[in-house]
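First chain written, first letter: the chains are A, B and C, and each begins at residue 1.
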Amino acid sequence: MKTIHLLFISVLSIHLSYTQDIKPNEVKNIMKKVADWQIMHINDAYSNDKPHHALHWTNAALYVGMAKWAEMADNDTYYNWLKGIGDQNNWQLHERKYHADDHAVGRMYAALYGKYNQKEMLEPTIEQFNYILHHPANTKLNWATPYHQDRWNWCDALFMSPPVWADLYSITGEQKYLDFMLDEYKATTEFLFDTEEHLYYRDERFKGKLDKGTKIFWGRGNGWVFAGLADILSNLKPETSEYSYFLDIYKKMADRLIELQTPEGHWAMSLLGKEFYPTPETSGSSFFIYGLAWGINRGILNGPKFKKAVQSGWKAMTGYVNEDGMLGYVQPIGAAPGNASANKTEVYGTGAFLSAGSEIYKMVGAN
Amino acid sequence: MKTIHLLFISVLSIHLSYTQDIKPNEVKNIMKKVADWQIMHINDAYSNDKPHHALHWTNAALYVGMAKWAEMADNDTYYNWLKGIGDQNNWQLHERKYHADDHAVGRMYAALYGKYNQKEMLEPTIEQFNYILHHPANTKLNWATPYHQDRWNWCDALFMSPPVWADLYSITGEQKYLDFMLDEYKATTEFLFDTEEHLYYRDERFKGKLDKGTKIFWGRGNGWVFAGLADILSNLKPETSEYSYFLDIYKKMADRLIELQTPEGHWAMSLLGKEFYPTPETSGSSFFIYGLAWGINRGILNGPKFKKAVQSGWKAMTGYVNEDGMLGYVQPIGAAPGNASANKTEVYGTGAFLSAGSEIYKMVGAN
Amino acid sequence: MKTIHLLFISVLSIHLSYTQDIKPNEVKNIMKKVADWQIMHINDAYSNDKPHHALHWTNAALYVGMAKWAEMADNDTYYNWLKGIGDQNNWQLHERKYHADDHAVGRMYAALYGKYNQKEMLEPTIEQFNYILHHPANTKLNWATPYHQDRWNWCDALFMSPPVWADLYSITGEQKYLDFMLDEYKATTEFLFDTEEHLYYRDERFKGKLDKGTKIFWGRGNGWVFAGLADILSNLKPETSEYSYFLDIYKKMADRLIELQTPEGHWAMSLLGKEFYPTPETSGSSFFIYGLAWGINRGILNGPKFKKAVQSGWKAMTGYVNEDGMLGYVQPIGAAPGNASANKTEVYGTGAFLSAGSEIYKMVGAN
């Protein structure tokens, strides 16, 4: 009986990879499979030789996607799993007060506050962010200057921290959270956004550098930014100037990303160097698919080219989910294009995939 | 397709509950289902309003069973899950130096040492137990005397700590661990073992007390002892006097437990008061099944009555596993007979069930 | 022999209080007596029911005076005593990163660095102040606003923190320490300095308030400022604009303070309300004497009125030193005019007295 069961799953996978139409139910099935696999393997050692700390940014990025999946799931299993993590850690952010990576888990706390409406879930985050407002880092964005990462001087940070500020703004209604975030976001964008390519450098070290003749725009790095933009915009009212500011960047990136997708459906680890980095990568790609589908679903991105990109992207991604539910081809922790392999995964990759799935599900007509 | 799949699972459950012969494959399937459900729900709030700490005795008892299941499973998923917990907690025992409850996680560390042979997995436990040898608690076993729980003055403790000492003895070959444990075990037994009933009182408070006319021998309390005895004996050489000591208690309990099983297959929360506590309870019962099957498999318990008891017990237990894989009727944290319900579970219940399954699997001919 | 000795000390005290001329040797003798008494009683409970923490501002103010005395003393006893405190505390500032009170011990560290030139004595202070430069408090000076004491919104703070910044500026030559301090000092002065009375309010709560018809300018509060100004100016080059800024305030205060001294030689706890607060107070008064003598010694304050004020002040102070060497009439910890008594002392009072003595000693012709 077990053999028959596995066979059925395989058939399902093949089915997903090769047909043209994406069925809502299939999206949900593969999301569940991937989510379940990940929870069963939460204590695996991935990029490091130990499992990640429960509040580490890697897991925080997983939780972002898991919270989106929890909203779709048939029961509260996934909400309970997330809530337990918050409870066990007293709803604290991770160790460093200013470092964006250590803010990222606040995104899950905000999502769970949205579900449970329990004050204690957000109190430590509010207290810490108020502290930062009262003691803002007065540091340079240049790499390796003192306390440089106490501001957002690497593009991944734009996923880790600004959406939490946007969440607090939208939950509390207090403008100060948005004002601070916008000022800082602008500083980062001025520093790392390439106005010709409409992509972000990972950090100062990559500006002006070439890799086999191409500028280095790291896939996942831009994935962090693009997915973060969608999450920020979701918290803002369309008639505001802040919305316009973020929408402008979002659209520029969306247009550029469409051009850079590979024929196979994924995006290369070096966005402008796909011929040098032919290996698929699923974390950055999933973030792009998430962001693009989000824009389609909100009527921001129109026309068949966007939909086509998202469809072929999602099909590519699901093709990298193995029989057990493990998403392969996730590039390990890094800061630049590198390696990925079919049997390598990481929790943030799963998070990106679940985020993508949640918008794909809406896009294909469910809801 | 999904519907068909769920249907299949349901049919399997029904099948397991009603047939006479237990098939090895069915044992493995239901163990996997229960183990997977538990991992997916490890962050649920059970007896408390927060999930248990990863090193809390509740989880430690789960890990004991999970390690037995990990040995049977088709891949290393479960070992990885356990190893990650050790890694994240630096292979430390829980908070209190002397309290048996806080030693219990050492049983998993010893099991993983058996698999991985990595020194760091046992070093903190060895260091702590050496400290105890050099600073033995010189306290009374009477309840509520100063530092009373720094020795084993409640019967649950006999599961939590002595098997870890036996593990260390058998791994290091150092007699001192066994000597200390034996002396302490004898003291507890002299204090809590009823030589007429061949059962353990939970602690001093229950000695000489009656509940509806019966002496109070708590089901799970004796379950802790009985399962612990099997684990201690597994570490000893049969020709030794220590083995004889533990075997004698084990056999007396086994003979008595057989007489007390309910016709439905479980044991009551109050072993002598099944008419007053008709509700099934699965944690204590699973420990009894584990201990009995262990004795059968080692040729210690002979004759059909033991096998019959174990079979009907296991069938009862599997009948309380719901569709999703949750083991119901686990009495919440307590110290005496109480309540249990079909939709209440606890991690140590799952642990007991997996321990039971591991011996049932051997008993029914697999290996 | 002992009786004779005590007799001699008493005679000496009487002598000091009533003769016109202050002899350098007498200054030194009484300073030693007071310093020794204080060290012998460092673990007394003063304003609180426990001795102060070694890094608490109360002791920090003592160390400031003790370091001045250490420089005059015949051997290294007092330097060793201070150095031991730094060593035992790893030359760390006290607990709170931003609170001026917890910076005050840095003044002793800087003084000892001046003597021993050992890097580790200042490294933690430099690291912490660099951190503050990179994360400046962005808070209001209004009382009881969030994190309000993370900037200098009470006048005592001007003794506790700015001189440490000035020390670092002068030791490292780095302008950033002076720039930050000057900006913050200006903000505080704008907020708390009364431009008619040329005195500082203790904090916002006292602005616009009257006590028996007089504005409330707390004696010791202004003592903190005035002594602090002398210490800041000592670190600056006279030709700089920063020097001029502080000198201007210093001179305005000096002129005003001369007018407010009581005929008995001390200053009242409420500077404008000496008729309502007739009790002498020795901590604020000693700080004024210190600051005035410092100005005389540097040729900043000229004319007999300043010298006369300082002489009668010092005589008053020494009259409150008891037979054993305890300085009486030190107002306990507070924030406003209050009570003092002959047999009440406090470590910061001793510190102020030793600071005063160190400049008196120079003034009367030694050096």
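What we mean here is this: contacts are C-beta pairs under 8 Å (C-beta built on N, C-alpha and C of every residue); 3 or more make two chains touch, one makes a residue touch a chain.
It should be emphasised that the depicted structure is a prediction, and the values quoted were computed from it without experimental measurement.
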Chain contact graph, described as a line, ring, star, complete graph or other shape: line
Chain whose mean Cα position lies farthest from subunit B: C
Chain pair whose interface holds the most contacting C-beta pairs: A-B
Cα-centroid distance, subunit A relative to subunit B, in whole angstrom: 42
Whole-Å gap between the CA centroids of subunit A and subunit C: 56
Distance between chain centroids, defined by C-alpha means - subunit B, subunit C (Å): 68
Residue numbers of subunit A (touch at least two other chains): none
Residue ranges of subunit C in contact with subunit A within the complex: 98, 130-131, 133-139, 146-147, 150
Complex contacts: residues of subunit B adjacent to subunit A: 1-2, 5, 8, 12, 25, 29, 36, 39-45, 50-51, 53-54, 77, 80-85, 87-88
